[in-house]
Amino acid sequence: MLANMEKRTLLTVITEAVIEQSLLRDLEKHGVRGYTVSDARGRGSRGIRDAAWDEVANIRIEVICQRAQAELLLAHIRDQYYTDYAMVAFMVEIDILRGEKF
Amino acid sequence: MIDVVVLFFLFGLLAGLARSELKLPAALYESLSLILLLAIGLKGGEGLAKQALSPLLPQLGAVIVLGVLQTLIAFAILIKLGRLGRSDAAATAAHYGSVSVATFAVGANWLMTRGIDFEPQLAIFLTVMEVPALIVGIMLARGVSKDTDWRALAHESFLGKGVTLLMGGMAIGWIAGPEGLTPIKGLFYDLFKGALALFLLEMGLIVSRQIGELRKRGAFIISFGLLMPLFSGLLGLGCALLLDLSVGGMTLLATLAASASYIAVPATMRLAVPEANPALSLSAVLGITFPFNIMAGIPLYHYLAVQLAGAF
Amino acid sequence: MIDVVVLFFLFGLLAGLARSELKLPAALYESLSLILLLAIGLKGGEGLAKQALSPLLPQLGAVIVLGVLQTLIAFAILIKLGRLGRSDAAATAAHYGSVSVATFAVGANWLMTRGIDFEPQLAIFLTVMEVPALIVGIMLARGVSKDTDWRALAHESFLGKGVTLLMGGMAIGWIAGPEGLTPIKGLFYDLFKGALALFLLEMGLIVSRQIGELRKRGAFIISFGLLMPLFSGLLGLGCALLLDLSVGGMTLLATLAASASYIAVPATMRLAVPEANPALSLSAVLGITFPFNIMAGIPLYHYLAVQLAGAF
Amino acid sequence: MLANMEKRTLLTVITEAVIEQSLLRDLEKHGVRGYTVSDARGRGSRGIRDAAWDEVANIRIEVICQRAQAELLLAHIRDQYYTDYAMVAFMVEIDILRGEKF
Amino acid sequence: MLANMEKRTLLTVITEAVIEQSLLRDLEKHGVRGYTVSDARGRGSRGIRDAAWDEVANIRIEVICQRAQAELLLAHIRDQYYTDYAMVAFMVEIDILRGEKF
Amino acid sequence: MIDVVVLFFLFGLLAGLARSELKLPAALYESLSLILLLAIGLKGGEGLAKQALSPLLPQLGAVIVLGVLQTLIAFAILIKLGRLGRSDAAATAAHYGSVSVATFAVGANWLMTRGIDFEPQLAIFLTVMEVPALIVGIMLARGVSKDTDWRALAHESFLGKGVTLLMGGMAIGWIAGPEGLTPIKGLFYDLFKGALALFLLEMGLIVSRQIGELRKRGAFIISFGLLMPLFSGLLGLGCALLLDLSVGGMTLLATLAASASYIAVPATMRLAVPEANPALSLSAVLGITFPFNIMAGIPLYHYLAVQLAGAF
């Protein structure tokens, strides 16, 4: 095994494109220093979301951080967004180098 | 005779209903809307460069009142007759109190095709009327609580893509004037109608997707989608009479009033009133009001404008 | 003198072969193809608006037979001489029995540039000839088994993007007529050749990627890609004589027959005959037949059309 | 650890863009209620797939569901698509909230 | 459990779009036979990266391979790119079929 | 009077500074730059078709020397006065020794709008001057070590998107000649200024994002961004005198020299000199030099060109 390998958690959130800016600002307020965003489309309990415009398009946000922080973020997201927005979030354990970065 | 741009809308609608695989690339749709917004702004600004700006301020006050009034009335109807919840009623009312750039473009095109002039400040009215309904809608949903992030809201309203492009286009048109604009007319004026045609093709596809949603919603929302623009159109005609606009200007202000927002308002409401169901407002606006306005409303408002202008 | 649009194709081809980093955004390529398809449809529809439609039906029957015939002959050649497997032969035959919109556009442009008229129904032929080869190809691969999902297949064939846009454009052109189209000619007519040039630039890049694949395939598929369009072009000329078309019409029907599909057919075959290798057909169609047709085929078919028209 | 956290499986399929609609319909027939799709390009045993058009472009489909269902889906995909299409599929264990959703 | 299921490692690299070609060539030199690429934007220690042009845009590269190879690749990437480029890389364990493919 | 295309730049800049949500789709930006590059190439090639090519070679030698000289001088200044590290100085110097297509387009537009002619080979100068600074910059950073992958570097330099499109456009323009280009002028010539306007709108947005970075960098880099183009512009004027260019040609060569690359060079440097900080060069080039050149530089270079042409 590589030396200095450490465990972190990857939190993935799939949600409405229209809240991208406000959700990212929100994550930053909760101490997130890095994230990755990509465009997506999909289907879920709130119907098909695959249009050319933000209101009916999805994004996928990924954050790598410590397990504890991921759980805090997930809890916050649940409280703040789950009722009103098309959203799915999940966590997975990953291996990284440069532990001080995340 | 139906305008050719409306034929493109019908084509998109039919293709969508027949479940064709036709789809416009998202970047094309965005590019077209950008060009249309700039072109409308440029044309308005160019017109303003030729006239005094002082009589404008009271006119702007009047159209703001018009937008606020529409929102309040729509809210009352949706709560009382429609028995919608407060949030849904407020959000939907904001859509109807605000305006639709695509509808404006079709109206302007309708008039231009028939050689009917209209005042350049209509482009300013379009810009100005986007915002008040938003703010009233949010206040109706939330009350004037301390919670509302007015800074963010002002940002959303005044610096959204649509308003920015219209204002920027107007400023450029105003500064450059008719001569200064000549070099870029090839893109913004000569291609305007072709771009509008393609844009409406996509609108037809979008509208076709609302039909299923609409079926679920039932008679009230359909009637509202039909009658609210008629009522707002009359309000718009009244306001236009007051402002002493030409027949073309009357038609276009009625069209503006009758139109309902489907871009700026839904995006802002999604953030400001998240508990409102966006599918509800959009199905009425896109499934009923938009098609009604561009196919039947505009000629009707023009007919009424001619009658009214004759009577006064 | 080579047409300027073909120079764009050669430029793309060379840039691709030199492994330049040149790349067109996908959305631009899709937008261009959308505009070209609509423009071809509009022009065809506009032409039809000026003439009686009744003689059209038998003509459509004739070009359908033409497409079916080409597919069957190509299949026989591929099985017998090329020793391809049944699925590969059927899928490739369907490509050659169907038509290519890009080739049609280059042919129409070639004629327009030289002031040679052609019948407006050629756009309808283009639309109609997309489909029969598909169906024959699938039947050749599968037999008429109960498995085939004909519903889905009909959907794929008639409501694919290309056919939808051609039919929609034709309907709009027919309803609006020459005058109704005037406002949108700035986009769809004046920019047609520029759009075609950019489109062919991307085609050149695409073709350049097929060369490697082609090397692997060897002499038979290269000869097939060269000789099949010649043969089909002759069939097309014969059919055009029968239909009593003008020299321009003869040239364009020969071009249509000689052309091979590289959009609609591959997409449908991928779903309907998944075991066929898509790289095989595409390398022949794109690597050989398309370049041959736009660079040498079209002038040749025109030369032959002139001779034939003189002889009869 | 967050209360109500549950384990699910994320099934990811990378395949040809041209079969998007038919594959999604197929998944729905097998009981999938939600999925996320995004565009991708790549290289594999069937060559480079990075063009502007569907036939030579890839997509990436993600489905969150119970482990058992993920295995059923994967088996079905293998039987139906592996021989004829450019395709890669894999599964990973994830943590989610709102277990009833998946 | 499905028969023939095997464990592999998914290595994900999020980095600058401008090095896509050279990084992919590099991976191929190290024996990678397949990869998937998609476009992304994001924020990290080197600022916000979300522009329309390659210099300020991100990509996301995924490689499925044996754990040992993934560690070799990760070590190589760390040595070669971590100092000079905006980059994040992580590994996760996945289940696949057709083990001979990866 | 400010050109209308520059008004679009200012609009984008202001919208960006006000943090508007305005954003152009990436595909539109790429499509516009593709069309501009092709159009510049076509126009240059068309001009060359009308004249002898033999006097060109020594001219090309001269502008290559011009580019190399600029890079070396910039490097010396950045190391000595700016106390930058070797890599940062070399990378930044390469940006300033190379050229900017957008600045060239604004300059050409400025001249065309005022009816001032310039020599067609300026488009070739633009193409040729992209490359030498790159190579010198890399040699300055690395020394001529065995490590450098010159093959890959040559590929990057000569087959990058920009150079490919300029050369392709020129070849097509040259082969087709003025008449052959007529059919595609609707897209490449008539829309040129509109496309440039939209492109500059995005440039304004991009520039607005550099302001924050620039604040961090302090006075030296800002002064360098202002004074280096002035100095290079003078060098360019001198070179133009030597080559006996017209006033328009002098202005445009000065503009070229004064301009700094923000597309080709950063991309190549990122790969060839990875330890250089890309934010440093980009903030100077985009935050200072580009806006300065298009707003104040071009008229200034023209003024100086007129004086010089009078004096000699």
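Order of writing sets the chain letters: A, B, C, D, E and F. Residues in each chain are counted from 1.
Keep in mind that, in the parts below, a residue touches a chain if its C-beta (ideal position, glycine included) is under 8 Å from a C-beta of that chain, and two chains touch if they have at least 3 such contacts.
Remember, predicted model here, so these are calculated numbers, not experimental data.
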Joint neighbours of chain B and chain A, given as chain labels: none
For chain A and chain C, chains touching each: B, D
Most distant chain from chain C by Cα centroid: A
Furthest chain, CA centroid comparison against chain E: B
Equivalent-chain rotation between chain F and chain B, CA atoms, steps of 5 degrees: 120
Geometric centre distance via CA averages, chain D-chain B, whole Å: 40
Chain centre separation in whole Å, for chain D relative to chain A (CA means): 19
Separation of mean Cα positions, chain F and chain E [Å, integer]: 35
Multi-partner residues of chain E (at least 2 other chains): 38-39, 92
Interface hub residues of chain B, defined as touching at least two other chains: 24-27, 30, 190-191
Chains touching one another, given as label pairs in label order: A-B, A-D, A-E, B-C, B-F, C-D, C-F, D-E, E-F
Interface residues, chain D side, partner chain C - complex: 16, 18-19, 22, 47, 51-55, 83-85
Of chain B, residues touching chain C in the complex: 1-5, 7-8, 11, 14-15, 18-28, 109, 113, 190-191, 193-195, 197-198
Residue numbers on chain A that touch chain E, as the complex places them: 1-2, 8, 10, 24, 33-39, 64, 92-98, 101
Chain D-touching residues of chain A, taken from the complex the two chains share: 14, 38-45, 50, 58, 60, 71, 74-75, 78, 82, 88-92
Residues of chain C touching chain B in the complex: 25-27, 30-31, 34-35, 155-156, 159-161, 164-165, 168, 171-172, 175-176, 180-181, 183-188, 190-191
